[in-house]
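Presented sequentially are two complexes of subunit A, the first with subunit B as partner and the second with subunit C.
The block that comes next holds the complex of A and B.
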């Protein structure tokens, strides 16, 4: 019984972390229609930058999050200015190829700068385990989960309770009408893109806090993120969180009675089923109300 | 009202001068088309399918850049003004088909339509309430998702969206398309009211009879070129002839 409760707690915490991985991908796809296949590469790069700040420069674990997000927001602005903006009128396959290129460039750069070694962020004061009624939870994982929940809450409130949030949702629903209302669609797209990259970086931070990572092992997180986005619906903050938590629970619970390699097999199978259920692939994924 | 009611340089006069435009590199949908819409008048642009009516509206509202020619508001050249800056110039566009945000509420749709007032929240709320007063059926629908509205309700919301910042110049494309017959009359009554309010109205319509009944000035296009151009009186007798001519085109 305690073991089951332990598994559920592990699954919930891991699921929150996974949801944190997927939020940026979900918003870029749901609002701008961009399939950012470089998402996990950005996530991994952010994890490496975070690692550099914490391990090499000794910056505090929580404070280091801020410069990482700012840096990637600026990187997002740069990326959008240089070419993502030009992709607006291009075919989806072209956009996909371009972002694949971005992924390759980021991965190569990361390998050149940081080699292919597996890294662990020095957890410092978060390196403990909380015990409550026989259930253990690493403090770092709890903090990562709580940070993700806070970020989801903030994103949700921003998108549903503010006029700028409504404008962003309007942009996703009908770009021409948004422009006719005088909403600066290009500037807003720029900010949403940069925000999506910053959210990918947030995924990198929680990755760094919770799991070992290496420059060449990020594609798994891309598959995980896509699974969450497909199940959760495009740009839908609340159900992205639920889908992430579901994935975490599935992984931990399946892992508790099957061996490691079967877990991934089952999750990839779920991805295939999810894609089949949405018969038109990502296009068929309902962009639900936020 | 006479056609000489306002000088051509009135700031509310919208003109298109010798515009040539198309969607692909070499196609010519509009071939040196000139149009003029003056304040307090309804100017109808008529023509058979494919004559370039809707394209003319797209050029006038900045969705399509002309290859040659220019668009003027009063004496100001607005050819290059992007779509999202046009409302600030007092020009609004009600396009053909649905033009609401389907997964936002009626109220949110109106709030976004008043986006240019976002820094003055009091004015923004007043503008939204003003539209709910002007189009009373919307009041009870304010919390409904716009995508769940009936065709007539959605059209009302589109009028509200278009009118909320009190634009001086209105471009209207096929206002009655897809509506139940009893609603069609209401739509044209509303357009007549907009005219009485002194606005400049450019109307593109397939419903030739209704448009000519309403219009003060009529242009016809054929094969993307100017065809006929004159006051309404010159057209009322010729309707049947016109339509027959278009069917032959």
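The block that comes next holds the complex of A and C.
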């Protein structure tokens, strides 16, 4: 019984972390219709930058998050200015090819600068384990989960309760009509793209806090993120979180009675099933709504 | 739509019999039989066959790699180039062929020749569920799925002891001199390249090829006009997988030792995509041109550039992949028809589909 409760707690925490991985991908896809194949490479790069700040420069674990997000926001601005702006009107295959190229560039750059070693962020004061009634939870994982929940809440409120958020939803529903209604489509696209990249970087921070990572083993997180996005519905903040938590629970519960590679296999099979059954998301909403 | 098919070296035009498929193409003077282009390509391939014994061993090895890519890329191009469905998991099908041939050799002592058709069959069998699961969907799902499947394949093979696991599998190539072996692989892949080029040429000029292009242009319209889109796409994927499997069998014997991480490698998939994009999507000679260009460029970047030491700095070998990634971005954005398209532009032809 305690074991089951322990598994559920683990699954919930891991699921929040996974949801954190997927949020940036979900928004880029849902709002701008950009398939960011380089998403997991961005996660990994952000985790490495975070590692550099914390392990090499000794910046505080929580404070270091800010420069990482700012840096990737700027990177997103730069990417959007150079070529991603064109992506919204390009054929889907062009977008795929371009972001596949971005993935390769990021990955090679990371290997060049950080080698292929597997790394862990030094957790410092978050290294302990919390105990409550026989259930253990690493403090770092709890912090990562809470940060993710806060970010999901903030994104949800921003998109549904603010004027800019409403404009962004308008952009997602119909770009041309939004432009006619006086929404500054270009500036908002810039903001959303850079924000999406910054959210990917947040995923990277969460990755760095909770799991080991290396420059060449990021495609797995792309699979996980896509599974969450497909199950949760593109760009749908609330159900992205639910899908993430569901994935975390599935992974932990399956992992408790099957060995690691079968967990892997089952999650890939789930991805295949999700692709076939739920292209439109859990709620059956059209592909690009919020 | 269908551009006349020709090698840059000649000036062949299209056969008037193909006119109905080129309703949108501009009229042009001096149409020639596209078979002339194919003949030139095959002639060039035949002309480089003696290289296996005349050139330095290192150069033969590089050319063999280029031919390997040409085979896989030509197969990839059936669905990717004409159908517009990008497969980012060419390594899965190559790897299936590699493992099939290697295991048959290691466990049962089968030779490369017997292993090749079996490897192609295994690659096709692996491709069927992948295609059935993803090709009914549109666009990017297929691309993403093939990309992430590569790492699944890696993990599965890594953890399955019956497939060699992390230890890998050794293959026993026929005993011969280094020169004889190099020539064997070179000539085998040369023959496969010729075969794949002919197949791609036939695809380009067949109803099947028109159906694929119709899917690329507008899948709904194609379906309404009676194209059985799922079947056509699946068939395209399977042809590509078969060639990847064939090439994989040769690869298994060429390296002598196969292991999961190096076999199911995303960077191989990247190279295949790059070869096709740089060579030109939707032209039967694109993969051929692209394979030689990309492999020679990569070789040059890997070996020569790090020795240049600009401003006294050392350029690590990974820099070559950055260049390839940037090339992919630039070609995808500004030259969708690749080198083949650039030639057409120079020749003042209609560029767009």
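The rule is simple: the second predicted complex is superposed on the first by the 277 of 290 C-alpha atoms of A that agree within 3 Å, B and C clash if a C-alpha of one lies under 4 Å from a C-alpha of the other, contacts with A are read in each partner's own complex, and residues count from 1 in each chain.
By our rule, a residue touches a chain if its C-beta (ideal position, glycine included) is under 8 Å from a C-beta of that chain, and two chains touch if they have at least 3 such contacts.
Here the structure is a predicted model, which means the values were calculated and not measured.
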{"item": "Touched partner set for A:264, first subunit B, second subunit C, both or neither", "value": "second"}
{"item": "Partner chain in contact with A:104 - subunit B first, subunit C second, else both or neither", "value": "second"}
{"item": "Broader residue contact with subunit A after superposition on the shared chain, subunit B or subunit C", "value": "C"}
{"item": "Partner chain in contact with A:223 - subunit B first, subunit C second, else both or neither", "value": "second"}
{"item": "Subunit B versus subunit C as contact partner of A:182, first or second or both or neither", "value": "first"}
{"item": "Subunit B versus subunit C as contact partner of A:132, first or second or both or neither", "value": "neither"}
{"item": "Residues of subunit A at both interfaces, subunit B in one complex, subunit C in the other", "value": "none"}
{"item": "Subunit A to subunit C touching residues, read off their complex", "value": "35, 37, 83, 86, 91-98, 100-105, 107-109, 111-112, 217, 219-220, 222-223, 226, 230, 260-261, 264-265, 268, 271-272, 275-276, 279"}
{"item": "Interfacial residue positions of subunit C with respect to subunit A in the complex", "value": "84, 86, 88, 133-134, 136-137, 139-141, 143-145, 147-152, 155-156, 158-159, 266-267, 270, 273, 277, 316, 318-319, 321-322, 324-329, 331-333, 336"}
{"item": "For the subunit A and subunit B complex, residues of the former touching the latter", "value": "163, 166-167, 169-170, 173-174, 176-186, 287-289"}
{"item": "Of subunit B, residues touching subunit A in the complex", "value": "61, 63, 82-88, 92-93, 95, 99-104, 108, 111-116, 118, 145, 161, 165"}
